Structures are given as structure tokens and as C-alpha cells.
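Here's the structure we're looking at; comments come further down.
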């Protein structure tokens, strides 16, 4: 069996096991959950290291037919697009299981639901079969509903619960229709993505068909990713959800739609994609600017973070909309980076909430004094959130900007994106830090206690991953690049026009190490005389 | 006598009888549902009996003698007796004249009107040049058919009757201990 | 002619009689256990049937083609058997709400209704169609109004009676017109001659009237009006059987009439079918939305599900009919699970409001799980049976949209409406889930004692729901073979 | 002209619709039920006349079934109405609205 | 190129120390501070070794590829040439001294470890800016510098003012960075590379490569400098930044970070066309003037120096704009010496005064803290451009450049500013050190410990001799093509080459000092407001720029945010979604009304259904 099956299988298996464990064996329940997710995280790292960049086709493939009459099969495998996502998902899953310490009542149910969610989404990312791709993602819907319902916070709980559930199912259903239509139109009589791709390569879909399938996928997935103006479920939902849930959701599940767009919509329906991209680009302005401004207005820390994470989706969409190697790679980078980041921030706010019982920023303040570790971590998270170099997010955002800029039609939007990333992001993040962490510490918070080792673990883990990929992005880009290149190859004719006119690539291209030095020297010599 | 036979042969008599029975049936039908003089269910029931009887007459004109008999026995006999029994049992008094909701009436009439019109319209498309009828609905042929081709439905109906029997007992038994 | 084909039906009727007679020999206080005999007997029959022994799965016709035993029939017969067995289990739980003296009759009537359904499954001419439908309907008149002590039950009975009689009057008249114009009662023969009557208005009128009669049974718009009241008033096991058995019987007959008897006619009516299914979906879901009474809500939702099933009819292709069969199979376990919980939990409450489920998750995890899974499956969410069924239905419609010429947009609208319906339904189904897990109403946390059979039933239902959601192969193949023979 | 199939069918159709009207207009359950019987009879008439003019007996067999079934139905129905009347002391449809909306 | 890995070590040591401190030694002040100081001092030593090995006049690069996506190539690359070497000296040298100084200054603050961690982080990122060989790497370091300054300004985060100042600095810098990255994108889009050498080669090969967008691109890149070097209109953050500990003010907001803008301009000068440079120079001149005027009426010892920093930065930017990178870098270096010196002395004064910063509570400190007094004096003289101190030479070269470019307007501005500089510097000098004590803090003031005074002395030495030890040579050799290397003597007498600016410079400086002497010799309150009236208040209130921005930029953003918030809450959430939910619910409730429970209605509906069905199928 493929390692991927194990990565996704352990959590699901653990969920099943927990069903039979009596509910008062709390330690055992936690133990099983943490162990399972730890194993799958470990396996994910192993898989990530063993992954061979740029080898054509998928790796760690496993396939079993499931319903041969419909051409549905359990088919998993990774290439550059999802290898990082699976790694991210597994790590975040582990972290969120650790953060589930904060759940005090009815743990058994909670862990079962959480593990189902984790396993499902990991498998969904690994799946190369349209049907399972959808099927496994939907496993998370009911857990989300129940988790927010039972363990959620605040008085808007019920409203938020139903809103998030309905939005997610609307999006999912629209996407489902898109997928079915794709299956029917492709005529491959198979849900297998590679098969469909081949089939369509041989005889492409009619532009007409593309033009009604693509919007279905775009908006279906878009709703799942809280594309403006379908975003309003996200901040509220994350604000009321218990932090492990919002970690998984904002961190991992949200990436599903984007992954779907890149994996399915872009390569299979090039003409439609190309003509829809301008609309997408303008919608993502809504995410970046509008939602950014909305975030500035928030009084509740979680709502602010939720809005900011919606705003971040805008950059990913921008990257996708640029339809070129740099932009799409950047989009994938942000997807991974934001996964870690969102999980981190929600974990931290969850800790603060458990300590203080509120996230109203007006009531907090000066927490850095009593919670140095949490405070510092939150500071770092905020900085990463407004695109500070050193964190993975910066790499992604910068890449996206370069990608978008090399698409002349997107110049304006790129600039808007810059403004959103650098200024607006900076403003609300620093404001939040100022009110929550800086300033005098109110009397009532003198009793707060900083995280102990076990509590620190998830935060440290997530921060570490942010740093690793932020400082050495080649770990990811080398894997992502070749496969993105395959996808955007379709659009090359389009791009050839817009690619920056540069005669210097040859000189700039092969210069690493001190060879560069000498190269530069000669040029300088020319310069100086 | 002589010319009467001629009339029979030419079918004039049948026609006359048809019109008589048809008129009778419809008239009684009308009186069943809307009787200007009395709204008591009893009168409705009596007119229903008449309607059934005259239908039996039409059956005879259609040479369905056995069915005519069954019609009289089962419907005009058993069923209507049952009705009357129930009416007596419940000694339903005169249905007090409640105000008929005008909207309901109009809409009802409208829909029924539509149905009638559609029926009649489509009736017009029926092809009329059928060979002169020769079929005789006598008991032998009917019974033969019933016990060869239609055995299964016949048996099922027997089960159905059993069910009905049980049901009626269960529903109308004074007290189930 | 091999009348041995009907051995299954005959033995079922025999079981019914035995149950009825058992009344004499069993003391009143033990009578509720009579049904376990019936369950065992039916179970044995089912096993024989599934194992393929006996001659239940011999394909062929009998009684001059009036009776046909093909894939479709076999599929539905197994379906009805399972349904009846589960309903009997529910009835056993519910028995203490029935008059002690009549329990045995209740069970036997269920079995007779089953017999009617079995005949319906393999009826191949209009006479059979008529008598089997009437057998089902008349049995249900009694079953619905069985709780004589409750006004609601009687009232539901009368409503069902009058409207049922009305619909069968239309049905008869329809049959009369069809036979009158074509001179054929047998479906197979009809299929041969029907094309030359396609223009004859009176023939089409007859077909429409037959459809009216069947539409009433499956509670399709505009003949759905009876469903909520009857579902609410009837004793819970009856409601369960009504929701599953009678609806399925309606569908098998619908499939026979539309696709075996009159395929050529049906092909011209895609618009009509599309409209009906669309309105049915919307109507059911919209009305269920503000509903607080659980049984009534399920009544409305059963209308919606009839609408979803009609998607498969409207698709006018084999995959659509296979989807209908699959969906019904899922619907069987899902609905029966829900009614089992209702029968057990809400039996003692005077009203069957959703609030009655408050705190169920603490009172009885098993029942809570059962109800949740059933609701989620009804809402059509993976990995449960309901999802795969809806998936197949939608797929068939999209395929139809691709195949058809001129009606694409109509089909796309149909899909859109179906989606709307699903989303609305998610709202009210999840409301039930909410009531189970957290709610503002006062929760009595007295744990519920479950009898072993009830536990068994719950587990069977859950297993069925998951099985159909996760391992669709077996049933899907069966369904596809079934429609393969039913539709040429 | 000669009396033919049309005339019989016309009669049966009118009878049928009379039944419909009765169901809509009358409020007494028993009378409504009688109207339903009228409709069944209309169907019977249609069948018989068809069978006469198509020279096929099947229609009459069908009528035979219909009459039997109708009888059974009537029996059950009347029993039901009686049971209801015992509870409610009324056979008026307006009094049967405990379940609505 | 020998020891080519040494620069990497120089760059990474501070980062490592920062990491080590945050991860392990936050508990112990001692170890942390030693690690941090060690890192930067080691950096200085290694710089010396490296330069000795390779000489200063060479240029090379060492790079490893960091990110390669299609035609986006970013290297982790170091550009090693005179410019970066000199800056290395400044950063590690002056930085090292300030590190040492802070050990004394901060040693009773309980979160000293955190302080040194941030300091190391800053040093790392500053070195990053200096050594970066491509735009993106420089931008990265640029951002990191911004954040470390944010951390250090907000070091005492419990003080609301500190928090606010940090926030302000960060956001203002972000505004600049926005333009900077925008410009970078533009350049990359047109030239297809980020590497400085490659770009320079390209631009030299074909100066018109940037085409129409040359001016815009240049100005956008200049925006970065505007933010970091606090040029008008983004100058508002620097004075507030004085909320940070004094060493921070000295290191970041005087010596190094604020100079980064100027450095960046010199590094990328080849990109700027004439118009862009014009604009830059005027911005610089205006800033210089504005800041000098503000400085005249400040009463906080640190703020006065801060404003003078502003105005000196204005000088540098102006002269860069006047196509004189050499004078700019020259002045940058000397300024680093004497401004650091002034700040540190001010710091020791503040410490001696127990954190009293208002100059009107000081006075007569010359006896109590002699060393500080003398070092400060040297710094003041250097700043006011009195020969033979370093400031004289660099400032003179600037004035000369102005004349050389025939830009008389800017020349006169520069001269006037020189006068003002001398005036406010010595205003401060007289009020603080001479005259009588104006508070009892002043009476009990005491000299600072050796660990603080030693750096003062070293800096003082450099502030004195900095003008003629070949700094200008080293810059010039790279920056100005026709630069001839001068011997020591030539350097000493360099100003005589351009007598006019020299004489005017000295003249106005002396005049300024004299005026200050007249006004503030043992004055115990400021006589100026009486004389100047409204103008004085305007100067004191910084010409109301903060208020202006408060009223316009911030308000506007908040307003838009409010509008979006409203739309999100009420239109999108409330109206639209509410409408859909309510609408569906209402439809359901109204459809339900047909379910009257009345059998007759049902029968009627049934029949009506049949009628409609028949009608539509058979009639229509």
C-alpha cells in the first residue's frame, strides 16, 4: 500500500478505534488521537523527503477500482502540487490534535470528529479521482457542524453553525455538478483525473462545454475558499469554532478548493480558464482590499484574524489568475504557508481565549508581560500575516506579485495587491498587536499563566515550519515548479506576449556561487571604464 | 308485433332505451350530489340506487347481461344497503346548509369544466368506424376468461376481500380488549 | 405456464394468515411477540430468495404474461421483504401503543400489504396493476387508521381513504380509456401497439389519468397534498411502511408503465416530467423548512424525495432508472432508521415535535447516532447512502442534458433546482441533528432502555446506510441489470 | 343517427364529472363517498361499452374486478367513517382539521 | 578573492546570536549580551581581516540560488565592493561600540536579553541591506530592518507612547516599502533581472532601457528611501521613534538604518534618470530645511538630535539627487560617527539625570560629567561643521557639489540649514552643559561608568579625524568615475579647492554658534518664542504634520474601512443573505397555507392538479 494511504488512514483508523473506547478513559482517548496524527505527520515528512522533484507522472501511486461501471477508483498519488499540501495538512492536523487539550467536555466525540476531518482532507488532497476528491472532502462537513455547535463559543453560535454548513454545502454541490459535467463531457467514462486529462488531450472539450463547466468549478470551489463576495461565512465561523476546528478549517480544508482549481480547472479547461481569469482577478481585489478594510474594523481578535485569512485567499487567487509559472507556483506556496499560519494564529487565540475567556481586543492588552511565549508567537504570527520576510508567506506573496506583474493585464491589480499586503495588512496587524500585546496590562489579567511545554509544542512546530520554508523556499519550489510548468504549459502562447523582454536571462540564469562573482566582475569592469 | 321486431332489428328501440336509461342515470347522478329539495344523505343514497339500476339497464343494452346482474346484486343491493345501514346507524340528520364558499365553488366548477372539456375534446378523436358489435357478455365466456387469463388477479382480489373483512371488523368492533 | 413463480407471494400470504390465526393461541400479553415469528419467517424467505434457492429468481412470465418475474421484479421484491421485516421490528417496539387485541392483525396486515407490493413488483398488465395497488391501498386504509383511540389516526385514515379512492377512480378511468383505444391490457403487448396511438388524444388522456393514479401513490406534485397529514396521523410503523413500501410500489409500477408499456409515448414527455419533478422537489423542501413536527416534516421531505426520484424518471435513460433503484435502496434504510428512532423515543410523548429529541445524544448514543446518520444521509452527504443515490441521479440528469437536443437548458434548470432543494433540506435535517446534540430546550436526561431487537434494527439500518454509501458495487450492479431488462 | 360508442362514453364521462362535482361540493363524508362510487360506475360503463364495441371481453372482466374491489373499499370506508363518527359525533369534513399546515 | 566565505560569517553571526539568545539564553542577561556583542565585534574584526586580505578597491559577488521560478531568479548573494566594505566598517564598528555602550546603559533593565536579541537581529538585517547583491534580497533585509526597529522602538511596550511610536514607524515605513517593491517589480518587468550588477551592465549598455517608465520607476524606488531615511513627507515617524532606548536611537535612528535609504540610492544610482534625481534632490533639500526649523524649538534632548538627524539625512539625499554619491556617502559615514557620539552622550546625560530628558531641567553638567561634556562638545562641533572636525569636511563636500551642479537655490538652502544646525546644536549645548542647574536632578547628576564612556571617547576620536582618513577616497574610487585618489595632506586641505563654499560654511556655522551663545548663555527659559511668536509655535509643533496626517490619511482609511465594515455587516450579511434566508422561509410558510387540513380543499387541489395537467399536456 502507498504511504499516502497510511498518512490518511491512521487518523481515520484511530477515529474508528475511539468509537469503542469508553468515554471516561480520557488519557487513552487523547493518547490514541495524538499518536495517530503524530504517525501520519511523521509519515508525511518522510514522504516529503522521499519525493523526487520533476519526475514525470505521480509518485507513491496506489489504485483500486471501486465502482468499475462508473469508472470510479481509489487512486492516490502525489506530484509537486499536493506533496506540500499533504505535508502541511498532516503537520497542522497533529498540531490541532495537540491543541484539542482545550476541549474539556465530551472529548470522545470531539476527537472522533476531529480525526475524521483530518483523515478525510488528507486523503482528499492525495486523491487522483474526481469522485473521491469530492467525497473525502465532504467527510468534514458534518464534523464541522457538530464541533462548532457543541464546543463553539459566543451567542452567535447557532447562526454561524448553520451559515458555515450551508455555505460549504452550496459550494461543494456546485462544484460537484461541475465535476459530474466534466466527467460526462470528457467522455472518458472515468473519474480518474489522469485518464480524463489524456482523453481531453486527445480530443479537447468543446469551448462551449468548457464555458459552462468552468464557472461551476470556479464559483463552487470559490465559495469553499471564501472568494469575495461569498466570504462572510468564514470569519464568523472561525471566530465561534473551537480552535482545533478553525485550525483545520482555515488551515487545511480551505485549501481544498484552490487545489481543485489548480489541479482540475486550469489544466483541463484552458480556453474557459483564460477568459474567466480577469473576472477572478477583479474578485480577488474584493478579497484583498475590501476584506482587508473590513478586518481593520473588527473589535474581536478572532474575527480580525478570520478576515485577514480571507484576505490572504485573495493573493492565492491573484496568483492563479496570473496563469503563469511564477504566479501559480506562488499561489501554491501561499496555500502551504497560509495553512501553517492560520493554524498557528487560531491556536494562539484559542489559548488566549481559554486563559481570559474573551477575545474582545478592548478588554485585552499588555499580554506580552504575562504571556511572553504566547505573546511572542502571536507577534511573529502577526508579522508573518503582514508578509514579513523570513516567514513562508512572504516568499509566496512576493512570488505571486512577480507572477502577476508579468501579466500586463494584471498590473493594476498587482499594485492593489501590494497595497493590501504591505499597508493594509500592516495596519490591522500592528493595531491588533498594539491593543492586545502592548500597552499596560489590566489588573484582572495578573493571574494569566504562560504555556507549558506540551502547550508550546504545537506552536513551536508550526512556527518552525513557517521559518523553514520561509528561509529555504527551494525545498518547496523545486518540487512545485516542474508540475506547475506542465499545467501552465497550455497557456504559454498566451504568456509569450506578456513575458518580460529581457536579453539578460542568459547571463543572469547560470550564475551561482562565486562564478557569479567573476561574471559580475567583468560586467563591472565594463561599467567602470 | 311485426314492426316492433323490425324496430328491434334496426336498433331504434335500443336507441330509445339508451336515451331513457342515460337520462335517468344522469338525472339520478345530479340528484345524488345536489338535491334541491333535501340534503339528507338518505335521499342521495336512494337516488344512487336508482342510478346504479339504470346503469344496469345500460349494461343490458350493451349485452353485458352478467355484469348487469352483478351490478344490481352487488351495487344496488349490497353496497347501497350497507350505505343505508350506516346512515341509519349514525342517524345522520339533515346536513345543515352551510354557506358554500363562492371561491371554492367557482374554482371547483372551473376545474371540473376543464376536465370535461378535455375529455370531450379527446373523445372527438376516437375513431368511429368500428365493425358492428357482435360480442355477447354471457356468463360462460366471462367465467372462462376469468378462470384462465385472470386467475391471478382473481386470487389477489380474494386476499383483498379477506383484508377488507379483517379491517372492517377491527375498525367497527365496539371495543378491542 | 409456470405458476410456481408466485411461490414467494403465496408463502407470504400464508405467513400473513398464520400470524392472524396465531392470535387465538397466544395470550394477550404475549401477543406483541407474535411478530418475531413473522420476522423469522420472512427472514427465512428472504434468505432463500437471496441465496437463489427456491424459484424466486427464475426469470420468466406466468398467467399469460400478466405476471412477470424479471430483474426489476426481483430487485423490488427483495427490497419490499427487507422493508417489511424492518417495519415489523419497528412495529414490535411500537406495539404497546396499539390495542392489545389487535396487535396480531396489525402484523398480519403489514404482511398482506407486503404481498400486495410483491404482486405490484411483478405485475405486467393493467388488471394486475389495479388489483395489487388496491390490495396495498385498502390494507393501508386500515393500517393508517389503526389507532382507533387517537383522532389523528382516524382522521388521517379518512383523508387517505377519500383521496385514495379518488385517485383510484382516475386510475380506473385511465385504464378504461387505454384499453378501450388499444384493446390491450398487457404491458408487453401494449408496447408493440402503442406507437400507432401516439396521436390519439383519448389514448394519451388515458395514460395521463393512469399517471395521476400512480402520482398519488408516490406523492408527486400536484398529488402530494395528502402526504403530510397522513404521515403525521398514522401510527409510526405504518408511516414508515407507507414512506418506503407504498412509495416504492408506486415507482416500480411507474417504471413499468412508462418504460415497459409506453416507452415511445414517454419520450415525448420529458418537459412534463422535468416540470413535475422540479416542482415536487421545491414544494417538499420549502414546506418542510418551517416544520417543527418531526413526522410531518418527514412527510414533506418524503415529497421532496419523490421529486429527487423523479429526476431519474425525467432523465429518460437507463442510468436514471438504475439511480432510482439505488436511491430507493438507500432511502429504505435511512427512512426506517429515522422512524425507528421516532417510534422508540417519541412514542410516549403526546406530540412528535423535534424538540422531543433534545438531549438524545446523552440519553442513548446509539439512537442518537442512528438518527444523525439517517438525517445526514437524507441530506445526501458522504459517505452515506443518500449521497451516492443523489450522485447517481444528478449524474443521470447531466448525461440526459448532454444526450438530449433542445432541452439542455431545461435539464440544467432541473439540476439547479435539485441543488436548491438539497441545500434547503440540509437546513432542516441538520436542525434535527442540532436538537439531538445541543439545544436550548429542556433536556430530560433519563437514559433510554433499548430492547435487543431495537438495537439490532438500528445497527442493521446504520450498516445498510454505510454499506450503500461505501460499497455501492453490488447493489449498483443489481440495479443496472434490473433496468437493463426492464428497458429496451 | 345511430347510438354508438360515443354516446355511451359521453354518458360515462358526464357521470364521472358529476362524481367529481359531488366530491368537491358536498361536505358530508357519506355523500362524498357516494359520489366516488358514481365515478367508479362511470369507469365501469366506459369499460363495458368499449368491450362491446371492441368485441373483447377483458373489459368486462376488469369491471367485475372493479365492482368487487369497490365493494370491499366501501365496506372499509364505511367502517372507518363509523369509527370516526363514534369519536367525533360528526361526519363533516370541516370537523376533520386537527392536522394542518 | 580570499576568504570569500568570511562575509557570509559576518552576515550570519548576528542572526545566529539572535536565534541563540531567543531560544536558549533569555534567562541570563550576562550571557546574552556577551553573545550579541561578541557577534558584532567579531564581525568588525573579520571585516578588517577581509579588507586587509583583498584590499578595499575590488569588487566581487558570491551567491547561492535562493529561489528560481521561471525567469524570476533570486540569489542569496553578497555584493562585495568598496561601498559595501565601508558600510560594513560603519555598521560593525559603530554598531559594535553602541552594543558595548548598551551593556552599560541597559544593565538594570530586566529584559536586557530581549534587547540584545533584537539588537543582533537588527545588525543582521542591516548587514543584509549592505551586502545584498539584488533587489529582492535587499528588500527582505529592508523589511527585517523595519521590523527590528519596530521591536526596539516598542521595547518598553507597556508605555502606550512606545507602542504607538513603534506602530507609527512600522506603518510609515510600510508606505515607503510599498513604493519600493512596486518599483522593483517595474524594473524587473522591464529588465528581467534583479541582480544589481546585471542591471547596471544593462543600463550602461543602453541607458534608455527603462524607457518611458524610467522616472516613475526611479521615484517609486526612492519611496523606499523616503520611508527608511525619513524624507518628507514620510518623516513623521523618526522623532517619535525616540521612545526607544537611547542606544537604539543612536544605532538605528542615527548611524545606520536611517542611512540605509541613502546607501540604497547610491547602490542603485544607475537606474535614476535626470528628472528623478532632480525631484530627489529637492525633496532632500526641503526635508533638511524643515527638520532644521523644527529642531530649533524642541526641548527634549533626544528629539533635538533626532531632528538634526532628519535634516542631515536631507542633506545626503539632496546631494545624491545632485548626482554626488561620494559626498553623500562621505557625510553618511562621518554623520554616523558624530551623530552616534551625540546620541550616546545624550544617553549618558539622560542616565546621569535619571531619565530626565527635558533640557530646561538640566544645565551646568560640564563639571558633573566631564567626559560626556567633552565628547558631546566634539560631536556638536563636528555636526555644526567647524574645522577640522569630520562634519566640516563632509558638509563642505556637499556644499561644493551643490555649487558644482550650479543649483544655487539648493546651495542657499544648504547654507541656511548649516547655520540653523550650528544654532540649535549649540542651543542644546549651552542649555544643557553650561549655565546653572535648573533642577535638583541636575544637581545630583553623575558621570557614567567606563563601559559607556569608552565608546564615547573612541567615537569622539573618529568624529574628529573622520574627515581626512580617506573615507571619501574609498567611496569616490567606486562611485565617481573621474575620481583621483588623494594623499593624506591633500585630504586635509581638500576644502581649500573650493574656497567659496568653505568660507560660507564656516561663516554661517560660527554665526549660528554665536547667536546661540547670545541667546542661551545661562538662559533658564527659551527667549525665542517671544521674538518669533507664531513661527516658534509652528516650529515647536512640527508644522502640524502629524495633525495633518491624522486628519487626512488615517481618517480617510478609517472611513473607508468603516464603510466596508458597514457593507459587510448590514448589506451583504444583513440585507442580501438575510433576504435569501427570509425569502425562502417565507415561501415555505406561505406554501404551507394550502395545507388547510380540510379534506375538501385537498380534493379540490387534487382535481385542480389533474385539470392543469390535462390542460397543459393535451390542449396546449
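Should a chain be cited, it is by its letter among A, B, C, D and E, assigned in written order, with residues numbered from 1 in that chain.
The criterion applied here is as follows: contacts are C-beta pairs under 8 Å (C-beta built on N, C-alpha and C of every residue); 3 or more make two chains touch, one makes a residue touch a chain.
None of the values given here were measured: they were computed from a predicted structure.
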item	value
Each chain counted as touching subunit B and subunit C at once	D, E
B-D or A-C, whichever has more C-beta pairs in contact	B-D
Far-end chain from subunit E, centres as C-alpha averages	B
Centroid distance [mean C-alpha coordinates] between subunit E and subunit B, Å	104
Distance between the centres, which are taken as Cα means, of subunit E and subunit D, whole angstrom	97
Distance from subunit E to subunit C - Cα centre to Cα centre, in angstrom	77
Between subunit C and subunit D, centroid-to-centroid distance (C-alpha), Å	27
Multi-partner residues of subunit C (each touching 2 or more other chains)	127, 130-131, 134, 138, 141-142, 145, 148, 158-159, 162, 166, 201, 204-205, 228-229
In subunit E, residues with contacts to at least two other chains	592, 595, 597, 599-600, 603-604, 607-608, 610, 612, 614, 618
Residue numbers of subunit D (touch at least two other chains)	16, 19-20, 23-24, 27, 32-33, 54, 56, 58, 61, 65, 69, 72-73, 76, 80-81, 83, 94, 96, 98-100
Chain-to-chain touches, reported pairwise for every pair that qualifies	A-C, A-E, B-C, B-D, B-E, C-D, C-E, D-E
Partner subunit A, residues of subunit E touching it in the complex	1, 4, 22, 59-73, 75, 77, 79-81, 133, 136, 139-141, 143-144, 147, 150, 154, 157-158, 160, 162-164, 166-167, 170-171, 174-175, 177-178, 181-182, 185-186, 188-193, 195, 197-198, 200-202, 204-205, 481, 557-558, 560-565, 567-568, 572-573, 577
Touching residues (chain side subunit D, partner subunit E) in the complex	20, 23-24, 27, 32, 93-94, 96-101
Of all residues in subunit A, those that touch subunit E in their complex	163, 229, 232, 290-291, 293-294, 296-297, 324-326, 329-330, 366, 368-369, 376, 383, 386, 388-390, 394-395, 398-399, 401-403, 405-406, 414-415, 418-419, 422-423, 426-427, 430-431, 433-434, 437-441, 472-474, 477, 481, 485, 499-505, 507-509, 511-514, 516-521, 523-524, 526-528
Residues of subunit C touching subunit E in the complex	158-159, 162-163, 166-167, 170, 201, 204-205, 208-209, 212, 216, 221-223, 225-226, 228-229, 269, 272, 283, 286-291, 424
For the subunit D and subunit C complex, residues of the former touching the latter	16, 19, 23, 29, 32-33, 36, 39-40, 42-43, 46-47, 50, 54, 56, 58-59, 61-62, 65-66, 69, 72-73, 76-77, 80-81, 83-84, 87-88, 96, 98-100
